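Just so it is clear, A, B, C and D label the chains in written order, and each chain counts residues from 1 on its own.
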């Protein structure tokens, strides 16, 4: 039994503990040490997560590198890890983003330059921030690797706590005196929403266990359960299955977030630091959509199909609604948040379209949205930290004084609007085509989203970056080396995965096919498939659909 | 040889990447590098062309598969190229005109501090446009399609400090996005219908699909074409796009990118041929736009906007021709190429004029420039003659063929279309004559610029005039060359097919009618503008003139129908989100809080109240227990 | 020996009265504790004041440790699993739940005594270190007598023997095998608690008020319990739980009196209801909860912690025994009633806590809500139910102790600063203390990886398996409401700005530090690796019939 | 006499006691009412003991008296100390903690 997965989860966890335990102090050197230690751990995690993805054999078993240790025998709970293509890719995304976020947040947790008289500035602020980020990373990676429903649930819920402290404890410097109140409101809202979702899921988890136990399967092991569901050994029964599905889905839909459960996201992303906002939208929220794919579909195939149309409608509303609200925003970070809501609509739509294109697209979308939104948000954060305001109206003409910043911001925006050649296009198109092939009307309406996306992304760019240079913006420095080091890998990945996403699709496709067979769905066949002789490319490489059927 | 195809795209792409990432290092010589790479691409194009000429007409399709792009089960998108005669034509046009305009820009942008970036964007455009025309499937075409949109966005808004430029850029992108939506839906339809969206398989299987499906695909493709080629109803962005530097207008918004719609429809001929209703829609759009653009062109005082109207109108001709099916495809492309020459030349001329006139664009502030800018005058004049269809020049041959084809459609339809094209030809002559007269003839109406400098018109530098001269050659001779032995038709026929149609009129009659219309337009224009002084301040004008100045109220329409309700909706939703959804959640929390503070009052601190609650509880418990039994 | 023996003895026969057979070894946990209590009294009487504190602390700890060892020995000998049985003439049940709960109560008591022994938090009085208890409880608050007692450095070291008596009663309560023993045990642990409540050093008025309220309401509830006992005795002719069950199920030998009395179901049902009232009062279930907030607030905080943890453990032990041993046949009667009570308790506890401003009252309402959660496990009426309740009690009691121990640390010039507003910004001044308290709050809220989550999962799982799914759903929703106020406190501590002149966090001695440390350890341990204790709890589910 | 009548009496006494707790204000009286409830229970126990013909009930009654006595000790101590503080035995004056 390989311990690679455990190691991948453990390294950031150990890193969190070590970082938290590093000596406190207000000296710059001590803070720097903390940051470096944390970053080293996150990079080590990246290496391990990369090794996991590299060792994953797309032609092999559904779950690989599996490990299983007895944990709570009384409830059939194991510490069972295993990776499929989807989990491997998403864990890798997490591992890529965390070092970037750490680097981007390098000074976000530094104490205020001149703490007011008599204030009790926490001397462990820096340690706390970096440790919390690593803790989130560890928990998220466990969630992606968990093949035990309970284990997943535990970390799904537990990650709320470090996230909560990250949101509430470390805001950006842009806020006025109101900001502390706003921030704690945002943190509480985040926690309560997600906790409510989690508790509802808890009821469903318990229900699942009780039903399984009644039928002689007192286990939370995902593979056992899904296999039992598939071959009829576990029959949950119509109403119960629907109720359990809704219980699970509710939690995931809050986290994802799906309209109309989204209202915590703009607050949280608006008030948190840019790095934390990235962590929320690019990493933590992905656990929700990931879980829909793995747990909702795997455990409750019939209910998933029953509710798919309703969920598609909600996600469709989310796509349009999020985009329209993004257009109406005055605050840069809230705009990005609403844009994310729109994107999550796409992801969920792809999942519940129940086609391989839709689900592969949704998985890629999770990755690509993570990378591109990270780039967009982090550059926005750099911008905001320079001017000390989140209001769009406070900017203008930035490209004149800080062209590189403006350029990277534009690339982030273009990625968000799914420009071909950048990664999000690949996933968005797959989702659209996957949805369209089963639900044409839904696909067409969703396509409107691409127009709206262009509108909010370019409006934001136009209002902040172009036009005459505003007085307050004059003299704004361009991106520094550290900031470039943050943005460059993200931009490079965005381009690379836009042009050559095959490594990811190769990892993801088998797992998606396995998921689809769990729900007993196959892709709709073309009405008039092209004949096979058209399907072969000149140099013999497989090219079009005909021969794959 | 096939391996040269990717290099066509790669050369300018490398230029763009180098110039953008290379930083200051390329400030000094980057523009020459970009020009060289454009020329290199042109060289590759020529090499491929000569290779192609060496083959049989039926064996001229070159393909090159690079790698699998997006493989998901049935959905297989490849980075894979196909170069046939149609693509070849475009490749040569794009790289040829592109190289010339690079050269022109060296002079035109000489003093711009962000010149390096300008050339990077130009190279990016070339790469995207070449990708568009050499793609072997619709998704890769879409890649190039949006790529040119991006380049267009970047270049229209190149002078970002001008709010108008930034707005125009955004507008162009978003209107194009509406069209792009059509293209993506078309691709999805193809995938659902055929399980593929590569040209060859789709065209091969098109016959098996129902006409309704094909019509749907065709209409969606038309929507895409409307966006990119500024056809009604998605035409509104082109006039504003003139905010970009003039070389951009010449290359992107006249010669190449805006004609991508024509390419798309021609390329998809196999689909349109089987979907007559979609074809009808195409010709209607073409006919409406050719008149629309022409009318707008008549009213504009801004030289670039007048030319933009003209571009719209000329593309209307092409779209109309493409909508005619095999009767017109080849002529649509032929007009596209000749238009590429003369319209690029006209824009470069306009740029040259502006260059000499302190960037003045209002023709009412020009006048009598022929003496000061002789080269510009001559090249512009040749372009003018070409566009109005002066016999023997390029435009004469290509436009005449389109008008013939329109009549050849046959029946009432043919008559209507033919008459539309004739009217279009006449109006073209009218507004182009107007441009000519206002700019180069008559007395000086020069005005000092914003800083009070009087203009000192002068001829432009060599880097600018040489491209103009080369393009003028094209404007004069290309048409004749193409028409000679119908060489162009023969060249394209393997790809587009050709039918003669049944024209009620003989070609000679059509030619005479066309020439007559052209002369009438010129004459009317001369009567209106050539014989009396042109007022510096535009007269109030007729309602039609005023509407035409406002682009026939297209922006007002869009504003009233889309923008204002849209922003109202966004604002309403913002309100709903914070008051409705969030209000509900906060209200829930408040309710719990309210219930809590009300319930708290029971805990009033009096021990006897507590005892009472216990006693009451006991009674209820006892009663319930007893009741449970009796039920 | 059964009641028939008593009857025979009463029949006027000339037989000598048989000496009752008492298994001293198997009763040793209780005997050791009572013994230590008595020793404590003697120490109080004979030792000079100066020495009393340490002597009492040592005596108490030794007594508790000895009792715990005794419990362990009994458990190892199999008295909890294979050798379960009634001892002391059938008055005491020695079985799994007994030993498990006695173990828990003893551990809780050890931790509580540690917090009692804390003398570093209060400023020195009369040159002597002071603890949390009144210098002289009989003195009028603020009077001259009190001032002189304080000057003299008096302390009420009687709290230790009192606590030991209470612990003894609590050990007996869940072990009681007949209603009389149960009643006596109830009083034995209640009476010392009434007194302990009155012994706060600061805020004496509140303390006295708490005592009087607790006393009057407690006595009121005991009266119900006793009357219920009487009615049940009238129905069954016996107060032994197992025999009552047999009478109810009709398996008992019917005497003529029984034939007539068992026809009157009202006796049985009203008796059941009244017994339930008496026990529900102790666990603090709605609508018998009203004493909880006032008493928790007024009592000295170490006592509150002890009371909140240990009383709940003992009382739920009795609840389990009563319903599972005496009334399993009446399940259809009591389950609906308990459903109602559980729902009310969860909802009212959670909702009322939302607007609390005092941290001790907040914890009181939280304990009410938790009583509701535990009740769902009781209602499960299956083996998992018993196991889950046992585990929950273990988990909950240490979180509670820890939380109240932290409350003792946050102080201003007037003693403990319990108003929530003064906790603002605590996380900035004392991140560690705030983090520990946050951990306890998260455990209360049932966040995974804490003991609270495991416990909640266990009871809800049992309830769902027992067919009480709606209860689970109500429980989940009220957990969400409950989370709101736990989080409110965390927000206050971490994200609010400290008030100028706000309270400081006192550095405790090793006693409180150990107590808190144990709380943290158990909270995390039962969250991360609960299997051993779940096993223990699930092995300890068999009652003596 | 039918022993059931004693039961009625017991119930009556219990109710009177309980009502007294709810109505009266003086802590001592309150406490006496509780004692009345205990004694009502005792009466019931003794009666049932008689009806069942075993002695358990009577023995319990003895225990109850002892417990009641202990309760008095503790209760009076508390009540007296609070009386000395407040110079009032009214339970309604002990109202510092609420809500």
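The rule is simple: contacts are C-beta pairs under 8 Å (C-beta built on N, C-alpha and C of every residue); 3 or more make two chains touch, one makes a residue touch a chain.
Keep in mind it's a predicted model, so treat the numbers as computed, not measured.
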Legend entry - Which two chains share the largest set of C-beta contact pairs: A-B
Legend entry - Per-chain CA centroid nearest to the all-protein CA mean: A
Legend entry - Geometric centre distance via CA averages, chain D-chain B, whole Å: 96
Legend entry - Centroid distance [mean C-alpha coordinates] between chain C and chain A, Å: 45
Inset, instruction - Go ahead and note the Å separation of the Cα centroids belonging to chain B and chain C. - result: 79
Legend entry - Centroid spacing, where centroids are CA-atom means, of chain A and chain D in whole angstrom: 65
Inset, instruction - Find every residue in chain B that makes contact with two or more other chains and list them. - result: 600, 603, 605, 607, 611
Inset, instruction - Specify, in ascending order, the residues of chain D that touch 2 or more different other chains. - result: 18, 21, 30, 91, 94-98
Inset, instruction - Please set out, as single numbers or ranges, the residues of chain A touching at least two other chains. - result: none
Legend entry - Pairwise chain contacts under the document criterion: A-B, A-C, B-C, B-D, C-D
Inset, instruction - Over in the complex, which chain D residues touch chain C? Could you list them? - result: 7, 10, 14, 17-18, 21, 27, 30-31, 34, 37-38, 40-42, 44-45, 47-49, 51-57, 59-60, 63-64, 67, 70-71, 74-75, 77-79, 81-82, 84-85, 91, 94-98
Inset, instruction - Quick one: which bits of chain D touch chain B in the complex? Just the residue numbers, please. - result: 18, 21-23, 25, 30, 91-92, 94-99
Inset, instruction - Could you pull out which chain C residues touch chain B in their complex? - result: 212-213, 216-217, 220-221, 224, 265-266, 269-270, 272-274, 276-277, 281, 286-288, 290-291, 293-294, 332-334, 336-337, 340-341, 348, 351-355, 481, 484
Inset, instruction - Can you check the complex and tell me which residues of chain C touch chain D? - result: 3, 6-7, 10, 137-138, 140-141, 180, 183-184, 187, 191, 194-195, 198, 204-206, 208-213, 215-216, 219-220, 222-224, 226-227, 229-231, 233-234, 237-239, 255, 257-258, 261, 293-294, 297-298
Inset, instruction - Report the residues of chain A in contact with chain C in the complex, numbered from low to high. - result: 70-75, 118-122, 124, 128, 153-155, 157-158, 160-161, 164-165, 168-169, 180, 183-184, 187-188, 191-192, 195-196, 199-200, 202-203, 206-207, 209-210, 213-214
